[in-house]
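Across the two complexes that follow, chain A remains constant while its partner is chain B and subsequently chain C.
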Partner chain A sequence: MIRRYGTLIGLVGIVVVFSVLRPDTFMTVGNWLNITQQVSILAVVAFASTVVMVTGAFDLSVGTMASLAGMVAAASMQAGLGIGVAIALALAVAAAGGAVNGLLVAYLRIVPFVATLGTLTMFGGLALMVSDGSTIFGRAIPQAFGAFGRGGLPLGTVDGRAVILPNLTIVALIVLVLVWVLLEQTGYGRRLYAVGGNAVAARLAGVRTRLVMLGAFVVSGLGAGIGGLMLTSRLASANPTQGDGLMLNAIAAVFLGVTMSDEGVPRVLGTLVGVLILGVLANGLTQLQIDTYVQQVLTGAIVVGAVAVGSVRRRAS
Partner chain B sequence: MPPSTAAATPPPEPRLRVVRADHRYGATHALKDAHLTVAAGEVHALVGENGAGKSTLIRLLAGAETADVFSATIDGRPYTPRNPADARRAGLRFVHQELNVAPSLSVAETVHLGLPYPRTPLGTIDWRTLNTRTADTLSKLQLGHINPATVMHRLSAGDAMLVTLARALAAEPDGPAAGLYVFDEPTAALSAREADRLFDAILRLRATGAGILYVSHRMNEIFDLSDRVTVLRNGATVGVFDTSNTDRAALVQAMTGREGGLAGRTPKGRGDAEQPVVLSVRSLQTRQLNEVDLDVQAGLVTVVVGLPGSGRRALLRAFAGDATLHGGQVHVLGIPMKQSPHAAWQAGVAFVPDERRGEGLWLSGSVAANMLLPHLGRVTRAGWVRRRHEQREAEAWAARVGVRARGVRQPAWELSGGNQQKVVLARALAGQPQALLLGEPTRGVDVGAKEEIYDLVRNAAQQGTAVLVATSDLEEAFTLADRMVVMAHGRIVLDAAASDLTREAVLTAAFRDAAEEVAA
Partner chain C sequence: MPRLLSRFVVAIALSLTFAVAQAGTVAVLTPYLASATTKIMVDGVEEALTNLGHDVNVIDTAGDVGALDSRIQDVVLQGVDAIVLSANPELVPAAIQTASDAGVPVFGLDAGSLVGLQADVTSNNYAMAAQTATYLVDALEGEGRVVMLVHPPYAPVQKRGAIARAIFDNTPDIEVVDEIFVEVPGPLENARNAVEAVLTANPEAGSIAGIWAAWDEPALGALQAIESLGRQDEGIAIVGLDAIDPAREAIAGGGNFKATVAQDFAGIAQTVANLVDDALSGEDVERRTVYVPASLVTQGDLR
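Up next is the complex of A and B:
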């Protein structure tokens, strides 16, 4: 019980602490909708990264891929292409980048750390090349594209204030459902977990392990691409490094989620809890006016602490 | 009725006395009332079906697990190990069935793993002394042919096993002498010659007054080697026998709690003229195989035997689609098969690999997920898993092969070895394959499960499946085979109906050709 839900209890604990310390502002509908919007981009990237991490690999390139995809969309719109075309182009680039990772890892058998470290650098460089190092903003980004990231679905009013479900939150929820279905309800999901559990046995049981891995990296690339688009939409601008920081938090969120699994495998609902822990911490610590540098130290310490506790418990049982 | 324990007379001053051991894993009561005594200068065999509690007892002895109840003495002193270091300090040494070595370490490093390394005056490792010391240890075991500086992954499986034995024997310069050696299925991966070396080493250890606890499923070894035998059943000790005063049937009866055993089975030795050919190769050439021609027919059990490295394993791998071919091709029902395991399963060739844990099972996966992995297409619609179908299909097959599990959602790592093997076998049978490939189908499996597996294999053949078995166990080969194929040095050297062959003929073929090749 404690083993399985320890991380979840940790999340509840954090929420309780912030509710006590900031009773007026923290535990409000508005703040929670705000948190969901704040974490939505990280969530999408982390959900998609979960798919790769299920196979036992990981993808370090998701952050710079998010930057690149956002940049490709912004540059396309600046060049006068329609929003739909720009989005399609960005996602095509993201899928292709994921496929490159998959080919390097699954077919050329380069260890994921090295392969995706290499493509991390390449994608970052490509993002700079697309815009010549500058930020694309202002009139270059169509109004409708920027409005989406800041808009939402009105749910009604509470205490005279409008309650709006942010569009980005809706996107994150849709991606959550898609990834959950993929991992838990499809034959492909079964194969992903089999490859992660024992790649040799899976291959000898007729699973095309290389194809499965390739697919996982394409999903991860697509997730990074969607995250990059969401970021560009929310900021109504694109700079060539704005998504880079997503990678470490996405991987941290998946690891936090793994602590909730008996078998020590990633599950997308675990990743959701991981994302919420990171998001609630950032939101609460900011409300407590704790310096962002200190926030960074605390966040890192909590991730390491949770994973350490999880692994000690696993050993003890 | 279990035989009376009074028949056996333990010598005084036992090395190890386990008065009572009791241990639960969750709902499983793995050990209920186990007791065991190993005297000084005795080889004591521990036998029982898989799941009888042997592994648990050894884990408790090794301090890998803290028992619910564990009352034991070593040389008369109370022994309650809390970790493996306690066990080592008390003079216990373990040689395990599955190799736990780092493939990139040298032999000398492996032997001294966890022990202090000799140092030079500068404080760096004194490699020369380390290697000489290792060479000494190896030569004491008649393993002088192994170079201490060799990297582990370059050794054969048998030599690697013997190195882990050397590791158990390596003396700590300051530590206490070892008084009790525990061997857990040590011959599972060894050739006959390597096993003989191991037995020599064990007998020499016995002569020094050490106690030896020997766990094995192989009856021949137990009767050749042991002085006494303790039988476990369902977590309890049900009998202690003097080896010289008992026989195979009595042990099997104690283990299974029922009459009979393997005795009384005879190979069918059926003629094979009119059976259709399912698998065939012509001039098959790989790194291990040399111009192999073979037709495997429906409805028959064809068994490939041979020494390690003879090509028996490589031949099975080629049929399973897991080989690099330099010449020739595998045909299934006359249609060429691409070399990939996926293509093999698609063509109706099901494969049970040699290494259950390394190659067969996905241990964190459920029984159902493991069984249906190659057959996901049957339980999915447009990619979606139909859970009720999955559940029903898995339950049907679990029942057919007699898997004992809490349910098909139980993770595979919780099952005993025999039940794990049945899961892998069910996976192969569930596709209703044209051909069934089995590598070492009963390695590390207890007597009862062995018989059940043999029945399943024979049934599959009777229903028209072409069965091809590769095994290192000659007893198993003769039990199963309608047709026997002997390999040596990558070639088929003998191919005949099993009923026309004797053990001696098979062994002679396997060895004689090897000797000729060396001479040539």
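Up next is the complex of A and C:
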């Protein structure tokens, strides 16, 4: 029990500590809905990254792809295109970028780290090119597009205040279900895990490993694109570097999730726990007024600590 | 005894008078604390507010605007009395709305936009860029090829670049050879590499007459590039902006670095702190942008 759920227990521990130290503001419905909205963008990117990491590869380009997708959508809307067209264009760019990663890794056999490091830089450059480096904001972003990121489903009232399930949280939940079904309930998911376990054996068993990898990178690109669109909606603005920070956190979340798996493979529900740990830490440490530099050190130490405990117990078992 | 009592009453009355300025909790948020100038202003506000008796919490999101949005929500839920924001509020409209709904006033520290804010205290970036660009044009006697070092994603710096470009374009014999995007973090190093490349591509003495940098760090990088290529005797003039200490030293040294502009960071910080203090004391704070004057610093000033 403790072996498998150590990381989950860690999350519960963090929640208990914050609840005790900030009883009036942390453990409230409002704050928890707030946390789900805050982690929603990272969650979508991390869920999609899980699909690539299941195959044993990485996608370092998800952060700059999120920036690029947001810029493409914002620039399209600035140019007068409809919201639907802008979203479609952004997602098309994201899928295409993912396909480029997939081709480089699966067909040209470039190590994922190197291939996606290269595309990371390319996507970042393209994001800057879209607006010549400027931030797109204000009237260029239609009201309805920004309203989505702020709005949500009314759930009722607590203490006279309206409680709203944020739209971004709903999007993250939908993506969670889709990725869970893809990984755990489909033949494609089983082939992904087979490639991650032993690519040669999978190929000998008749799995078209290259196509499987290509698909995984397209999913990862699309996830980054959706994350970028969510960020642009939430901020009602698009900055050419605003999604860049998502990549390291997404990978950290997946690794935190891996610690919950006996086989040491990424599972999307594990990634969810990883995302929540990062989100709850950021929210709670801010409420405790911990110095931001100390926050970074603490967050990094907790990630490393969790992964270390996970690897020690796997060796022990 | 009555005397003692009356003294006691007077003492209480006096202490109440001085206690009108309510001590409050103030969160200072920025994604740019790694920038030398933001750090100076944030430290200044923190010190000034602490001296006024307030509890100050500084939060940096290391360049991440999405995280800035989240942290603003956090401090509003935490129940702070006021927020000081050193970033463009139009980048985080939803969070600003959250603060406004909760009745928490937000004050801009060199924010560059008044949207959703109670007040913004800043230097006028258009005016400062005009000061350095015209200084450079005059120093070159209106003639020569100029390289610009810019960073448009940061709105205040984008404004500087736009106005400098307009001034160069409006001067018939000034040609802008290149507008180089300086990557952040690492502006000094990145600018040095970029300027080395430009100088290498333009080997003839005098082929680059001036370098206009949107802030001091790339200007210092340009200076290093000129020195490392041994081209300091061609008379290439560099101007920066912000007057950070290493820039002042370089200008005082009398080399290629000719001028910068000193923003009154202490004045900006103190003004923000005073406005926050006024608001927390229940005074009406006029909703406006407060421009704090900045002055050109040349080699003559530092000699």
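The working rule: the second predicted complex is superposed on the first by the 317 of 317 C-alpha atoms of A that agree within 3 Å, B and C clash if a C-alpha of one lies under 4 Å from a C-alpha of the other, contacts with A are read in each partner's own complex, and residues count from 1 in each chain.
As a convention for this text, a residue touches a chain if its C-beta (ideal position, glycine included) is under 8 Å from a C-beta of that chain, and two chains touch if they have at least 3 such contacts.
Every value quoted in this text rests on a predicted model; they were computed, and no experiment measured them.
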Clash or fit, chain B versus chain C on superposed chain A: fit
Chain B versus chain C as contact partner of A:264, first or second or both or neither: first
Which superposed partner A:235 touches (first chain B, second chain C, both, neither): second
Partner chain(s) touched by A:135 [first = chain B, second = chain C, both, neither]: second
First, second, both or neither for A:186, with chain B first and chain C second: first
Contacts of A:22 with chain B and chain C, given as first, second, both or neither: second
First (chain B), second (chain C), both or neither touched by A:150: second
Chain B versus chain C, judged by how many residues of chain A each one touches: C
Where chain B and chain C come nearest after superposition, their Cα distance in Å: 36
Those residues of chain A which chain B touches in one complex and chain C touches in the other: none
Parts of chain C lying in touch with chain A, wherever the complex brings them together: 33, 57-67, 69-71, 73-75, 77-79, 88, 90-94, 97, 150-153, 155, 158, 181
Chain A residues touching chain C - in the complex, by the definition given at the top: 22, 24-25, 28, 30-31, 34, 38, 41, 128, 132-135, 137-138, 146, 149-150, 231, 234-237, 239-246, 282-283, 286-287, 289, 291-293, 296
Complex contact set, residues of chain B against chain A: 320, 322, 340-342, 344-346, 351, 353, 358-365, 369, 372-374, 376-377, 379-380, 383-385, 411, 427
Contacting residues of chain A [partner chain B, same complex]: 185-191, 193-194, 197-198, 200-208, 263-265
